[in-house]
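Have a look at these structures, which come just after this line.
Heads up, the next two complexes both have chain A, just with different partners, chain B and then chain C.
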Partner chain A sequence: MAGEIRPKSKEELEEMKAPYEEYCRKAFDPGNECSKPVSLNGIRWLSCTMYIFTPHSAGNLAELGAEVIKIEIPRMGDAMRHTSPFNEAYLYPLHDTRPMTGTGFGFMNANFNKYYLSMDYHIPEMRDVFYNLVRQSDGLTELYRPGTFDRWKMSYRTLQEINPRFIYVWGGGFGYGPKVFGGSYDILAQAHAGFASITGMHDFMGGHCTKSSNWVMDWGSGTLIAYGVLAALHWRRKTGLGTMIEFSQVQTSTRFTEYAVPLYGRFGIVRQRWGNWDTQLCVHGMILCGKSDFPDAENPQDKHDARYVMVSAFQDADFKELCSVIRSKELYEKYRVCKDRVEAMAQVDIYTALEKWAADKSRSAVAKVLTDAGILASPVMNDREVYESEHYRQRGTVRWLDDPLFGDVLLQAGYSAGMLSKTPRRVNWIWRPVGADNLTIYRDLLGYPTSKIEEWYAKAWI
Partner chain B sequence: MYPCETDYGTVLYATSNNAFQVRAPHRVKWLGRRLGKDNYEIYRRWIGLSPSKVDELKGKGAI
Partner chain C sequence: MPEKRDVEINSRQDTLKLITPEIRPWPVSPPPSPEEVKKVYGKRKAEEFGQWLEDNMRLEYSFRKAESLQGFKVLDIGLWRLGHKFAASLLGQAGAEVIAIEPPTGDPLRQLTPFGREEYMLADKETGEKCGLGFINEMRNQHSITLDVETEEGQELFKKLAVHADVVLDGMLPGYMDERGVGYRQLSQINPRLVYCSVALRGTWGPMKDRVSKFGQWELDPFAQATNSYAHNTGFPQDQLPRGKGGDPTRAGSWVADYIAGEQAAVNILAALYWRDEFSGEGQLIEVSSAEALMDILDFDISWYGFNASIKARTGGWDPNLNQYEWNPCRDGYMMIGGQSDRLWYRIGMCIERDFPQFGRLIHEDPFLKEVGARNALHALIKTYSVTTRWLREINRVEAEEKLMDYEIAAGPILFIDETC
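Right, the complex of A and B next:
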């Protein structure tokens, strides 16, 4: 038959005969990532970064196998090391002179697999050492105020003379323009460029504009830089030329406002926030049930929060089924067509009816009844439940890492960003103390004598 | 910014962060096109089908 693909060996025949799920399990084989090659093998990247946004951009490359050298302030390190959720989770030591200071869990996820170099690169004495690193590297990410690296003779216009293949990334708040001197934080990006204004409950629901609890603009921007870097690497393969990326973080927030900009441009309508419901689909939201799944739990996240269910039944047939489950024929008669349901007041009506129906039921009961009826529904799970989820366990999304320095650490990042069958992302170590790889880099890579390195160390230049 | 080529007239959009790249900036050329607009180009140039074959498939509703 035309178009048929024939197996070339017995093994290939077996593979083709296997059910698709089995094929995927074998192809991805969670837990054995380290037996496979890495895709960015041979790429060396420098990272003069801190906090989450720019470290994450380099961290993405490190998870894909690039050799990322994180250059930190001597004896102090990345400011993010000194942050921890509510000041309680640290791993020790920070540096060999500071055993009683630790690195906080705020540092987690953006810094896997990196090599830790310390260098005070802003002093003229270390400039040549820095240039030597540039000569042997493929690129750099930095986050200083615009013009700072230029003042230190370390901006793209200097470095491209040293290494024309060099890919230079500046990542920061605004980039050139009226706000060029503003710094950046995730919360600034969320606030400044539209994202927070469309997040959270609407005024009439008693809501306010809302900051996403996680640093979504940092994680999102870091990932966007990583793909910019991959595009630049591809371009360099064709032309032999590096490039400079000037990455303004606040723009990520604008980019993440979906249809808001075109909507305003064409119709002059400013997008409003719509809480746990949806402006384009209905039913497509989260509802509150009357009973907790864990009424006796001590943890309030279990005791009180285990009451939310996400429901999606926006197609007419699904909505009909949903209405028959909640035994409300009139609701169906009133809002038969998707277009009618999406109207704001219709949504108020519909979700009120749903929550009224769920008022005497537990979260899992609601999710089960709806799922059994063929409607997409899922409890809103907290992190403990995610950890216990068999689905994530089998796929290796959440897993324990035996870190070479810090022992057992439970991780999700690295394995939750899409799986590559031949060259999977991986986490080899979560991080190392400040300057842990100084000898490896200064002596073995750059060839400086140990006496020199000791001298720099004594002067706190490294 | 406004994209230069679009089926829908002038549309306001937010540019990519990576548009600020010196040598090969990321860009938006068009914001969606009508369904199947590029059928002839793709099927003829990349698959090598003749225009009459494309018409035939179109007639059957296969493309």
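Right, the complex of A and C next:
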């Protein structure tokens, strides 16, 4: 019967009585993920991918326990391995033959737990080897221009004949249509499909369209592919049949613009940028404070930029309290009603008053005064502060990993994509050199003799 | 089709008066006909494959096909945020039966509309009640019911629903459902197969878990962007734009952290369902938070701090990892250009050199810029983009795109919503 809840043991009774926070802490148990099973046990996925967008889709599955085989160009590897912020963070080596070249941090986070195979699959002699992999795998992600894999007899049309349970993903920029051959990158998606046009300061604030700090459309689209793959797996459980997924990265950007598209479609109004404020709520924005929290710090990010606070007081009672904190009765009298506050000119008025009040205060002082008054406010944190935050540390979403190859690596990803109490995500290793698992896969999985593998290696076919 | 006209475009201002129904088909550009698309595939000698795609993948055919998640039942309860709503939409769009549960007063998100403009809300046909577009946009394929879980009766009804559900999406405050006896702890007793997913802002537990103000106001998205370093790292540095005029940490235009959390929640839910159906028969508790889900995809930013104590700075429209890979102003807006490998890098240069021969001398012949990795140094970015912008400032977006497309370079202008649709 619904509603009757009786604990079956003493432990269960205690579990039922524990404060919710404690219960969650125990259920997720950060740090002990590896003692639990994985969700995608037994799934083997092939990944003919580069950069971030499509590798992340396979990486997401690998974090959930699928066995992902990443196939790279022999000796060169994924182009993303050759990127690093300002060229300063590398881990060595890239490949046996290139001891002085490293893999840059641009490769980080999209490639956890994968097995690294190298293969030049466009060589006809290697095609059978590729087909043998397909026979033993559940699916594939690829990002070549449409028709390329078809020309090589590696598209879904061919592979479904070999393995009818095969799930095939093409991830690209534009998808079926007149721009189908257009190449795409994360910032092209941000630029081309609306997201950039609504991000950044408005012209009258003196600003420009602004790029997200991260490759948000690459990552966001990759996750959506992983979602599509899982849906296809559920479908396959019922029908025994694979499917083909076609994913256009550019369209993710349009989907992430909230009301912008329906507003245009219905009323012809083009949504513009609105800086650090919110178009639908006020007060709900970031303000500049007069003083940095760390005026003596050496790092300019601490010294000059620890000056911003996110403030939110859009409900009437909160706004009233905020006005009394900044001692501006007129402001409250003028904008008592929620609807009046959110008007554009009202927002200019209100945020100007707030910044004026904060002009002689430090970031932490502003956050503290407001928080003490019961209003929501929070300093805008930089990477160091996120790293040092007790919150993420306790939740295990920022933690150090002792990587089997590279030693201590600070992780911000993997665990932060979500906690699962019984089959948690995990990070076993960040990445391996190009072709590190060639022997395991060619010899142990596919059964090719070592001599053959050596021959391919010498010819740079693998 | 509207007729062609000669117009002079010097800035975006000049383009605004062109956005009229006569010039631009509105509300949306019509989709291309199969014949038009066929020509495109023909250019690459892929007509046959294009035809196969046409026959199998065309959007219009979706409705005659089966749905992958049919049979799954999802309950979605929550207020204010988009995370749980986006997850519910995704599940609903793939065929799950989704029931969105609101309190009798409705989700406050219904009341939100840009700048408080009621004229941009849609009115219910029968009741005349107005509803914001943002809310409607996130309610795809969901059934709407009201239920008051504050009352005992409501809680009983919720349990009766949850007995038959595969998934519960919880977008309420930390512990809210648990306190009312309808959280995972209690529901898993009556339905051990239940997958229960909390979608929070920073988490339902931990020192910085989701807060409410003294007056009951919820913490909503830009807080997630502000507390995971996304906002700090986004925007222009002060040597490009002054503080207060764009040289500041910047939030995304939308509540992007919520979207990221929503899609990641949907992934985790489907993985948990897979494990349940394939292996164990057991449900489980999941938690996704907006701040962490966005941090998960914040490139390598925090790992970089662990590497050498670098705190990522803002780089505006540029990217510190790749060159070229940026957008810069052109005559009537902004132009994005990307291509890092030698092959693409030199092709971009060849394209620019056609109009602006100095580019070759200044950039291609610079020995420092010949090495792929070295090009990512800050001074290399500054030099490359200064010279590129010298070219861009003379031409408008359409011209730049056409020129770059001749060389098959991934490039495109920043488009506004009307140009996108």
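By our rule, the second predicted complex is superposed on the first by the 459 of 462 C-alpha atoms of A that agree within 3 Å, B and C clash if a C-alpha of one lies under 4 Å from a C-alpha of the other, contacts with A are read in each partner's own complex, and residues count from 1 in each chain.
The rule we apply is simple: a residue touches a chain if its C-beta (ideal position, glycine included) is under 8 Å from a C-beta of that chain, and two chains touch if they have at least 3 such contacts.
Fair warning: this is a prediction, and the values are worked out from it, not measured in the lab.
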| item | value |
| --- | --- |
| Touched partner set for A:Thr199, first chain B, second chain C, both or neither | second |
| Which superposed partner A:Leu331 touches (first chain B, second chain C, both, neither) | neither |
| Which of chain B and chain C A:Met419 touches, first, second, both or neither | second |
| Comparing the two partners chain B and chain C, which touches a greater set of residues in chain A | C |
| First (chain B), second (chain C), both or neither touched by A:Leu188 | second |
| Partner chain(s) touched by A:Thr257 [first = chain B, second = chain C, both, neither] | both |
| Contacts of A:Leu241 with chain B and chain C, given as first, second, both or neither | first |
| Chain B versus chain C as contact partner of A:Thr397, first or second or both or neither | second |
| Touched partner set for A:Gly275, first chain B, second chain C, both or neither | second |
| Touched partner set for A:Gly265, first chain B, second chain C, both or neither | both |
| Touching both chain C and chain B, counted on chain A across the two superposed complexes | 224, 227, 231-232, 235, 243-244, 246, 254-255, 257, 261-262, 264-266 |
| Chain B partner contacts - residues on chain A that touch it in the complex | 156, 175, 221, 224-225, 227-228, 231-232, 235, 239, 241, 243-249, 251-252, 254-255, 257, 261-262, 264-266 |
| Touch list for chain B against partner chain A, complex | 10-18, 20-24, 26, 31 |
